[in-house]
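Here the chain labels run A, B and C in written order, and each chain numbers its own residues starting at 1.
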Amino acid sequence: MNKKKYIMPSIIIVVSAILLVITLVFSTNFIFCTGLNSFNAERIEKSRPFSELAYKISPCYSNLHGLYDTYRYTRYYSPYGENGISYTGEAPEGYYEKCAEYSKKMYEYYKANSEAYKSNQNSNPSFDVAYPTQGIALAGAISNYIVSLYLDGQKEEAQRVVNEYVNSAPEDESMCHIGVSDFLNTVHDLEKDINYQKWMVEIEEKITEEYYKAFPEKDEVENMFTDGENYKPFDWQK
Amino acid sequence: MSIKIADLTKKYGKNIVLKSISLEFQEETIYGLLGRNGVGKSTLLNIISNRIFKNSGEVLVDGENAEENTKAQEKIFLMSETNLYPETMKCSEIIKWTKEFYPETDVALAFELAKKFSLDTSKKISALSTGQRTIIKFIVAISSNAKYTFLDEPVLGLDANHRALLYKTIIEEYAKNPRTIVISTHLIEEIATVIEKVVVLHDCKVVLAESTEDLLNKGYSAKGSISDIEEFVKHKNCLGIEKIGGFATAYLLDEKTESINENIEFSKINLQKLFIELTGGEG
Amino acid sequence: MKLKSALKYRCQKNLKLIGVFYLALSVIILVPFIAKKLFSYSIGTFEDGVDMFYYLTAVFSFAIGFLSFKEEQDFFVQNGAIRGQAYKSFIGYLPVTVVFALAERLFTFLLCKVIKADYSHFLSTKAAIENRTFIEDVLYETLALMCFLCLGYLIAIIIRRIKPIYIILATVLISVGLYADYLSSNTNRMLPIFAYVPSLIYFGSAFNELVPLNFVVSHVLTICILLSLSYILALGMSVNGKEKQK
């Protein structure tokens, strides 16, 4: 049997295997398994360059989602100190800027495809991880966006976006509630400007009011974030 | 134009089946490929038909290497003992697909033969008996009009009537459309009247490759007393000697020479007897 | 000439099989709904499970590839087609899986219509979110089905070529490996490769989300690997299977 006939297929196998590994491992964030274990901040930090590379090569939903996942401010550089899923300390340079950029992209993506999130039939048990239902994804993205803007120092921009979001009357009031609540929780103890604090209280009252209208039976809901008129920033120095 | 086999060797593990076989199947000739069980007849045909691979040697079909060669294999059709047709395929579909793969197939002839052999072509292979499977395989082989048609055990499971019809068909189709037909079988006497040339395999080698006529002319028996016979067979190609009491019968394959000894009786021997003596006698 | 005949044989046989497959599925799926209409009792709904037919199609594609090897190889050799032609006819047959993908999409669409599910996204849940076109979806599905077909074909060759004891050994090793992977995923000590390899190859991403470029590239490369392996193993194999080329 002519051995030469085996040379070409062998070359194809080797070259294809190498290209396959490069395509799947090194041009995605798989190498450090983003999303595999969201409690491993170190691993997620290492996956960022690969996530960005993957997004650059193929700017599709999946790569954007992966990239967005690596830039979730609450997980990695919490301003409140170390917990199970975050570091303390200084965020790298430009970190919050990127958080804001990718969160904005995700938010716009979800907004553009909001029809898909209204139908029940998007809830496929096999894809629960990637395809959240009922606007939770949109709320998560807006939340990440707003807080990232704030932590990046763009407080006025954050304020503008919150106003725009709340006044745009999102159809699902509970999602609006979630979307802004993270922001209020984060900013609650960090903001020193009284005017800004006043505005925060107004926003909170507004969304609570809308929430009561949507869910009148939930009379236990109160001003959970700012204690309303009794609002006082928490003093960390004590 | 022929099939030339040069120095062909085939082993199964440590077991050598064919050792340095050199042979030629000329065009437009009917061959009988004879040999004892397990001697390698089917192996040889399978190697030529590209079904199994040789260990060494060369097989050329009209000058082309037979192995994995479309041009060579287009000219060959092997009817083998093993069934390689899908069990769920109907006989009519087999004929139809043979026509697809061998464009010179005579479909009308195939259906005509099926009628003669009383074969229902709407039946699937799985529903056929051993004999009927042999029949359908034979029908497609002979209808294919392939330049080199190999029939490996074409009478397996056939009754006497069908066997007679089969031999008649071979001769008729050969006369209409001359080609090389190689028949491998154990029923030597029946095939003797059909084949033109004989190839005998024994002990991994080709021990004989001659025309049937020459073989039958050269083969004869000499009967007499043991001493006379032993004297007579000296310097002759003696295949074997049977001794009973004080008498012996020698089987020879040689040019007949007149014996001075009038006590020796000569007679012709048939192909089967010749084959038995050539391949190691009875047992 | 024989290559054309071999390809014709494969197409005729397998397309018939695909037709029978969907006919059987239709009967199995529709009978409860017809019974529901006739006897007016409530049964479960299919709304969330419509996409499962894709997986059935994938498994069937694997089965076609697996079962086609032995029968077709023998049949082609009987009819004088060399192994190279039999193999090329298999490659030539691969694009025909687009018919399979189209049939699957059509079947799902018709099923949605019959059971009055929301079929606005009958293309797939993925398409609804990612705004893929119907043609893109069929392309991706075709590539995936080709992979399953090639995988079935390769495994059939391997089983025919390799002694049963090695197959048993390989099965045991893979089972042990999967179990070790399962254990490691619970302790987080090792990277659970097997949890991600299917997703990587199938979607082109570690998540269960489609990355179009990666998907196409990974599937094409996988098909190349499977076909090359099949070529190497099949070409040296005799018709009775167990004998190896010396």
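Following the convention adopted for this analysis, a residue touches a chain if its C-beta (ideal position, glycine included) is under 8 Å from a C-beta of that chain, and two chains touch if they have at least 3 such contacts.
Owing to the predicted nature of the structure, the values given are computational and were not obtained by experimental measurement.
Remark: the per-chain Cα centre closest to the mean position of all protein Cα atoms belongs to C. Distance between Cα centroids is largest for the pairing of chain B with A.
Ranked by C-beta contact pairs, the top interface belongs to chains A-C. Computed centre separation for the pair chain B/chain C is 46 angstrom, with centres defined by C-alpha atoms. Each chain gets a centre from the mean of its Cα atoms; for chain A and chain C, those two points are 36 Å apart. Our note on geometry: chain A versus chain B, Cα centroid distance of 80 Å, whole angstroms. Shared interface positions of chain B, defined as residues touching 2 or more other chains, are 53, 68.
Annotation for chain A: residues touching 2 or more other chains are 1.
Of all residues in chain C, those touching 2 or more other chains are 235-236, 245, listed in ascending order. The residues of chain B lying in touch with chain C in their complex are 11-12, 46, 49-53, 55, 68-70, 73-74, 76-78, 80, 82, 84-86, 97-98, 100-103, 146.
Contacts from chain C toward chain A in the complex involve residues 47-48, 51, 117-118, 120-121, 125-126, 128-131, 188, 191-192, 196, 200-201, 203-214, 217-218, 221-222, 224-225, 228-229, 231-232, 235-236, 245. Those residues of chain A lying in contact with chain C across their complex are 1, 5-6, 9-10, 12-13, 16-17, 19-20, 23-25, 27-30, 33-37, 54, 57-58, 60-63, 65-66, 113, 116, 119-127, 129-131.
Across the complex, chain B is touched by residues 1-2, 5, 8-9, 71, 74-75, 77-85, 235-236, 238-240, 243, 245-246 of chain C.
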